[in-house]
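Two complexes, one shared chain (subunit A), two partners (subunit B, subunit C).
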Partner chain A sequence: MAHVEPIEEQTSTGLNNRKLLMWAFLGSDCMFFGALISTFMVYRGRSGTSILQFHEAHDAIKDAIGISVGTLSIILILLAVVAFAVNLIVMNRGVVKQIIPAVLTLFVIVVIFQSAWIAGHHPEFTAHECTEMGGIVLPDNESCELILAENVLDIPLTSISTFVLLMSSLSMVMALAALERNNLPGFRTWLTATCLLGVAFLGFQVFEFNAFLQEGLTPRENLFGSTFYVLTGFHGAHVTLGVLWLSSLVVASFKGKVTQKSALDVEIAGLYWHFVDIVWIVIFSVIYLIGAYGIG
Partner chain B sequence: MAAYTGLLKRPVSPTGVWSWLTTIDHKRIGLLYGVTALTMFFIAGIEAVIMRLQLSSSDQTLVSPEIYNQLFTMHGTTMVFMVIMPMGAAFFNYLIPLMIGARDVAFPRLNAFSFWMFLFGTLLMHASFLTMSAPAMGWFAYAPLTSLEYSPTNGVDYWVLGLQVLGIASMAAAFNFVVTIINLRAPGLTLMRMPVFAWMTLIISFLLIFAFPVITIALTLLQFDRWVGTNFYNAAAGADPLLWQHLFWVFGHPEVYILILPAMGIVSDILPTFTRKPLFGYPAVVFAGVAIAFMGFGVWSHHMFTTGMGAWANGVFSFATMLIAIPTGIKVFNWLGTLWGGAIQFKTPLLFSIGFISMFTLGGLSGVMHAIVPVDTQQQDTYFIVAHFHYVLFGGSLFGLMAGIYYWFPKMTGRMLSEGIGKLNFWLMLIGFNMTFFPMHIVGVLGMPRRIYTYGADQGWDSINMFMTIGAFVIVASFLAFMVNVIRSLQSGDPAGDNPWKAATLEWSISSPPPHYNFVEIPTITSRYPLWEKDHSVGAAQAHGHDDGGHAVHMPDPSYWPIVLSAGITMLAGGLLIWKWHQILGFTVISTFGLLALYATYRWAFEPVNEPNSEEPHQ
Partner chain C sequence: MASSNIREKTHPGPRQYITIAVILVIMTAIEVGVFFLTITPAAMTGIILFLALGKFALVVGYYMQLRYDDRKFLYIFTAGFVLALFVMVALMALFNNLTR
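The block that comes next holds the complex of A and B.
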C-alpha cells in the first residue's frame, strides 16, 4: 500500500519489489497453513468421547417474528446479490454511489439478524440427535456419550460460505480490471463487494463457532475442537486482515490516493486475497469433506 | 523544515540518539545488530562460565538445580537466537547492499522493523530474569515439560512469546533480503558473479522463510495450550507425544544451517583475498549450499532416533543425514583447494577461517557419527552431543563470524585491528575452545549426561571437568583480548583506507566507512572479482564520483514507524503475559497496543519516502 518506494528504479529481474515480497510471503504462508493442516490430519480420529445433556430448542427471534432468522438471512443475502447485479447493469449510469450504501445497509441488516439469532438460538438436543450423531444414550436418559468431532459439521451451510468466499475472488478480479481501465466507480463497487463477501464469510464463521460452542464443542473439549478452532480461526484471521486491507484501499480511493497508477498496490492485495481463498478450498476439503465422509 | 506526519515531526537529523532510533540505513542497522549480538554473547558467555564453574568438580553447590536449568536453557536459546543469528544478520545487513552494488535494501523501513523486533524480543525474553522465573526446560522445550502441569511458572510463557517476536524479526529480514538480492543487483552482477556470502544470505533467507513458520505454529499451539487450555500437547487427551518434537525439528534442523551458512559464506570470501587466487570451484560451493538447504528439510528426525519411530523412519533419516554430509564435504575440499598453491598471507581473518574449516570439519565428523542409529542411541543426551554441536556452532559459526569481524572491521570503522592482538585472540580461542570442548567427547562416551547440575565423586569425572573449566577461562581471556583490540583500534587504530586487504569484491571499492548512500555511481560488473580486473574501472568510478559528496543521490528519510510498530507488537505479547496475571489489565494492554500497532501500520503505509520540502540528510 506504500505509494512510493525508495529504490524502485529498474530491478534485476524486472519484477516489482513489493510483488516479489508478496510472493515470498505467500510461499512462507503455505508453511504456516501446512503445519496447521498437518496437525489437524495427525489428530483426526483421536478425540475421546464427551458427555452432553439433552435440552429443548430455543429460538428467541423465531418466537418473536415467526420466521427463522437463518432463512431470513439467506433471503437478504440473495437480495444483496440481486442488488449487485442491478448495480453492475447501472454502473455506467453514475448511480454507483447510491447503490453502495444500499448494499451496505442490506448487509448490516443481515449481520445484525444473524448475531441476534446466534444470541437467541439454542438448537434442540434429544436422544434422537444423540443416536444420529453416533452417540450412546446414557442410562439416566438425560445425557448422551458421544465423540464430538466431524459429526457436528454442517456441510451445506459451510458450502454456502465457501461459495461466498470464492465469489469474492471473482469480484477482486473485477475490481482490479476496473482500476486498470481507470473506472474508479467500478473499482470501488467491486472492491466493496469483495469486502462485504469477506465479512459475510466471517459472519458464517462466527455463526458456526457459536453453534458448535452451544453443542458443547469447545477448544478444550477434545483434539478435534483444538485443531478445528485454531486452523479455521487462523484462516479467519487472514480473511479479517484482508478485509481491513481491501477496505482501506476503498477508503483511500475516495481520498484520491488510489488511482490507475496504483493498480499494482491493488494487484498485490489481490494476490493475498486469492491465496486466502485457495487455502480455504484445502481447509474445506480436509476438515469438512474428507472429515465427514471418512476417507483415509 | 517542519514536516508533520502525525504527532511528531519526522526526524531528519543525521546524528544523535534519535537518528539511531529512526535510522533506516542498512549500515547503521547492521551495526546495531552487531553490538546487540555481542552484548548478548557476553551475557550467554557468563551463563556458560557459571555452568562450567558449577561442574568443575563433583557435588558442587555454586548454583541450585533450578538455577542451573535456567542457565542452560537461556544459554542455548540466547546463543542460537540472540547471538549467532543476529551476528549473521549484522553482516548481511551491513554488507549485502555493498556487495551487490545497491544503495540500500529493498525495504529500508522493514529492515529497521526487523532490528527493533529482534531487540524487543530479546528484552522480553530476558525480562523473565526480573521475575526470577527464566525458562528452565531446555532450549528445545520438549512437550509435555512445557505444559502448565509441569512448568507452572511463567518462564515458558516468556520463552514462547520472546521467540514469537524474534521470529517476526527473522522473517521480516528474510523477506527483505530475498527481494534485495534477487532484485537490487548492480548491472552485470549476475547471480553466478555474486560473492559467496551474498549467495549464502539468499539461501538462509529462503530457509528462514520456509522453516520459521513451522516453529511459529508449534509455539502458537503451545500458547493455546497454556492460555486457552487446548490439548495439542496433552497426551492424556490423545495428543501425539511427538508432535512438538516433529514440528520443532522440522524448523530446528534448517535452523542449524541458518546458523552455519553465513560463516561458510564469510570464509568463502576471505580465502581468495588472503591466498590471492579465486575461490576454487565457485559453482560447486554455491550449489553445495543450495543442496544443503534442500536436504536440510529432510533430516529432522535424526534428532529423534531414540523416540521409537520405527526402523523405516530411522533408516530413511539416517541415510538422508549421511547424504547431507556430501555437499558439506564438497565445500571443505573447495576451501582446501583454494588454499592449495595460493600465495597465503597469514593475517588474522585467514587464521580464523582456517580455524573454522578445521574445527567445523571435526564437528561435521562427529555429526556423521550420530547419523548411525545405534551410535546415536548410545550418545543421545550425553556430553558427546554437547561436544558435537559446540564444534559446529562455536568451532564453526563463531570462528567464521570472528573471521568476518576481523576482515570487515576496517570497512565498517575505517580503522585496522591490531594483527598482534588478533593473533593472540585467535590462538587463545583455538586452544581454549579445544580444551573446553574436546574432552566433552570423552566424558560423554564415559556416560556423563548433559543437563545435570552435578555428579558424584565416584564417577571419576572430576579432573577432566576441571580441565574443561580451565579451558572456558582461556576462552574468556581470548574475548578480553578481542575487546582490548576493538577498543584500542577505535581509539588509535591505523587508518584502513578503502581496500586494506587488496580484496576483490565491490564493498572494497568505496571509502571506509562507506558514505550513507554507498555508491555515488552504481557500478557495472563484469566478473566475480571486479577489483582484480586489470583496469580497476569500478574503483575508479567511485573515486571520481566523490567530488560532489553524493549530493545528487536521493536517499529515503528516516522513519519512526518501524520502532513504534515493533514496540506495539511486542507489547501485545507483554499484554498476553499480563493477561495471565490480571485479565482486565491484560486485555487493556492488548487492545491499546493492538490499536497502536494498527495505527503505526497505516502511518507507515502512507508515509512518503521523503517529506516534501525537507532537507536531505547528509553525513
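The block that comes next holds the complex of A and C.
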C-alpha cells in the first residue's frame, strides 16, 4: 500500500522530532524492562528463605547468653531509654546533641528486635515437611521454597491474555490504516476495540494477581513474588497508560481533533502500544514459559 | 533529509497485517505446545527464545513499520535493545544464571 505522509516541519535529522523522541524512549524502555526481566531470571529458583539457618543462629545466641533474642532486645531498649534519660537529666546534654546517637541506637535495637520476632514467628520445617507441603528444599539444603512458579503460574490463562494483547496490536494497525485512508468511522471502531482489548488484558492481570494473593504469594513473600510483581506490575502500568492515551484519541476524534492529517499522532501512540505488546511477548516467553518450567 | 514536504513511502496494508497476526498467533500456539511437551529444558528454552525473537521482529518490523521507516529509527531502537540484551546477559552470567 502506498500512502502520502505529510512532513510537518524541516528538522536537522530530516525526521519528525516527536517520532524520533518516541523511538529513543522505546529504546531506553528496552533497558528498563531488560533490567527487570534479568533480575527475575537471576533470582529464579532462589526464593527460599533461610529460616532454618536463622533458627540455628537464634538458638546459638540463646545457648550462649541464657535468654532469648527477644528478651535481650527488650532489655536493650530499656537500657537505651534509661541512658537517654540519664544523658538528658543528669548530664544536662541538649536534646539535639543526643538525636544522632539515639536514632542510631534505636535503629540497631529495632533491627535486632525485628529479627528476633521473625525467628520466633516463622514456622520451622524439616526437609520432609517442606516436601510434604508441596515445596522443595533448595540446593543449599537449608531453605524451603513453598510457593513455586510452576505451581502458581497459569499458562492456559496467560496464553489467552497474550492472544488478547496480540489482537490489540492488530486492531491498532488497522485503526492507523483506516485513518490514513480517511475512514474515520473505521478508525474509531478499531481504536475502541484496541482500548477494550487492553482493558481485557488488564482484567486478566488483576484476576491473576488476585489468584496469586489467594495462594499466599505477596510481593513481600519471597524473591519470586517481589521480582514477579514489580516486572508484571510495571508492564500493567504501561498498558494502563496506553489505554488512557488511546481512549483520549478516540474522544478527540469525536470532537474533530483527529483527522487524516494527524495520522502521525496516532502512529506515535501506536508505536507505544506495539512496544507494550513486544515487551509482553518477551515476558510471556521468558517468565511464564521458561520460568515456570524449572524451579522457582 | 527530506527535500520536499511530501514523501512517498510503502507500508503494509490490512491484508498483510492480518497475515502477520495469524503468524503471531500460530507461533504463540507452538510456544505453548512446546511448553507442555516432554523435552529437555535446554531444547525447550532454545525453541521458545527463537519463537519469541521471531514474534518480536515481526511486530517491530511490520506493525511498528521499522522495516519501512527511516534507518535512523532502527539504529536508535536497536542501540537500546542491544544494550538491554548486553545488560541481561552480563547480569545473568555474573550470577551464574546461564550455566545452572
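Here, the second predicted complex is superposed on the first by the 185 of 296 C-alpha atoms of A that agree within 3 Å, B and C clash if a C-alpha of one lies under 4 Å from a C-alpha of the other, contacts with A are read in each partner's own complex, and residues count from 1 in each chain.
Keep this in mind: a contact is a pair of C-beta atoms (placed from the backbone, for glycine too) under 8 Å apart; a residue touches a chain by one contact, two chains touch by 3 or more.
Keep in mind the model is a prediction, meaning the values are calculated, not measured.
Engineer: With the two complexes superposed on chain A, say which partner A:A35 touches: subunit B (first), subunit C (second), both, or neither.
Structural biologist: A:A35: touches subunit B and subunit C.
Engineer: Is A:G27 touching anything from subunit B or subunit C once the two structures are fitted on A? First, second, both or neither.
Structural biologist: both
Engineer: So, does A:K257 touch the first partner subunit B, the second partner subunit C, both, or neither?
Structural biologist: Once the two structures are laid over each other on A, A:K257 reaches subunit B alone.
Engineer: Of subunit B and subunit C, which one touches more of subunit A's residues?
Structural biologist: Partner touching more subunit A residues in the overlay: C.
Engineer: Considering only touches as defined above, state whether A:M167 meets subunit B (first), subunit C (second), both or neither.
Structural biologist: Second partner only.
Engineer: In the overlaid three-chain picture, which partner chain does A:D277 touch, first (subunit B) or second (subunit C), both, or neither?
Structural biologist: Only subunit C; A:D277 stays clear of subunit B.
Engineer: Between subunit B (first) and subunit C (second), which, if any, makes contact with A:E208: first, second, both or neither?
Structural biologist: So A:E208 meets neither subunit B nor subunit C here.
Engineer: I'd like to know which partner A:T13 touches here: subunit B for first, subunit C for second, both or neither.
Structural biologist: Both partners, subunit B and subunit C.
Engineer: On subunit A, which stretch or stretches are contacted by subunit B in one complex as well as by subunit C in the other?
Structural biologist: 1-7, 12-13, 15, 20, 24, 27-29, 31, 34-35, 39, 42
Engineer: So in the complex, the part of subunit A that touches subunit B is made up of which residues?
Structural biologist: Of all residues in subunit A, those touching subunit B are 1-7, 11-13, 15, 17, 20-21, 24-25, 27-29, 31-32, 34-36, 39, 42-43, 46-48, 219-220, 222-223, 225-227, 229-230, 234, 248, 252, 257.
Engineer: Touching subunit A in the complex: which residues of subunit C?
Structural biologist: 1-2, 4-14, 17-18, 20-21, 24-25, 28, 31-32, 34-36, 41, 44-45, 48-49, 51-52, 55-56, 59-60, 63-65, 70, 72-73, 76-81, 83-85, 87-88, 91-92, 95, 97, 100
Engineer: Going by the contact rule at the top, pick out the subunit A residues touching subunit C in the complex.
Structural biologist: Against subunit C, subunit A makes touches at 1-7, 10, 12-15, 19-20, 23-24, 26-31, 33-35, 37-39, 41-42, 44-45, 155-156, 159, 162-163, 166-167, 169-170, 172-174, 177, 180, 267, 270-271, 274-275, 277-278, 281-282, 284-286, 289-290, 292-294.
Engineer: Quick check: in the complex, which residue numbers of subunit B touch subunit A?
Structural biologist: Its residues touching subunit A are 102-104, 106-108, 171, 175-176, 178-179, 182-185, 189, 209-214, 216-218, 220-221, 224, 228-232, 237-240, 243, 247, 250, 555-556, 602, 604-609.
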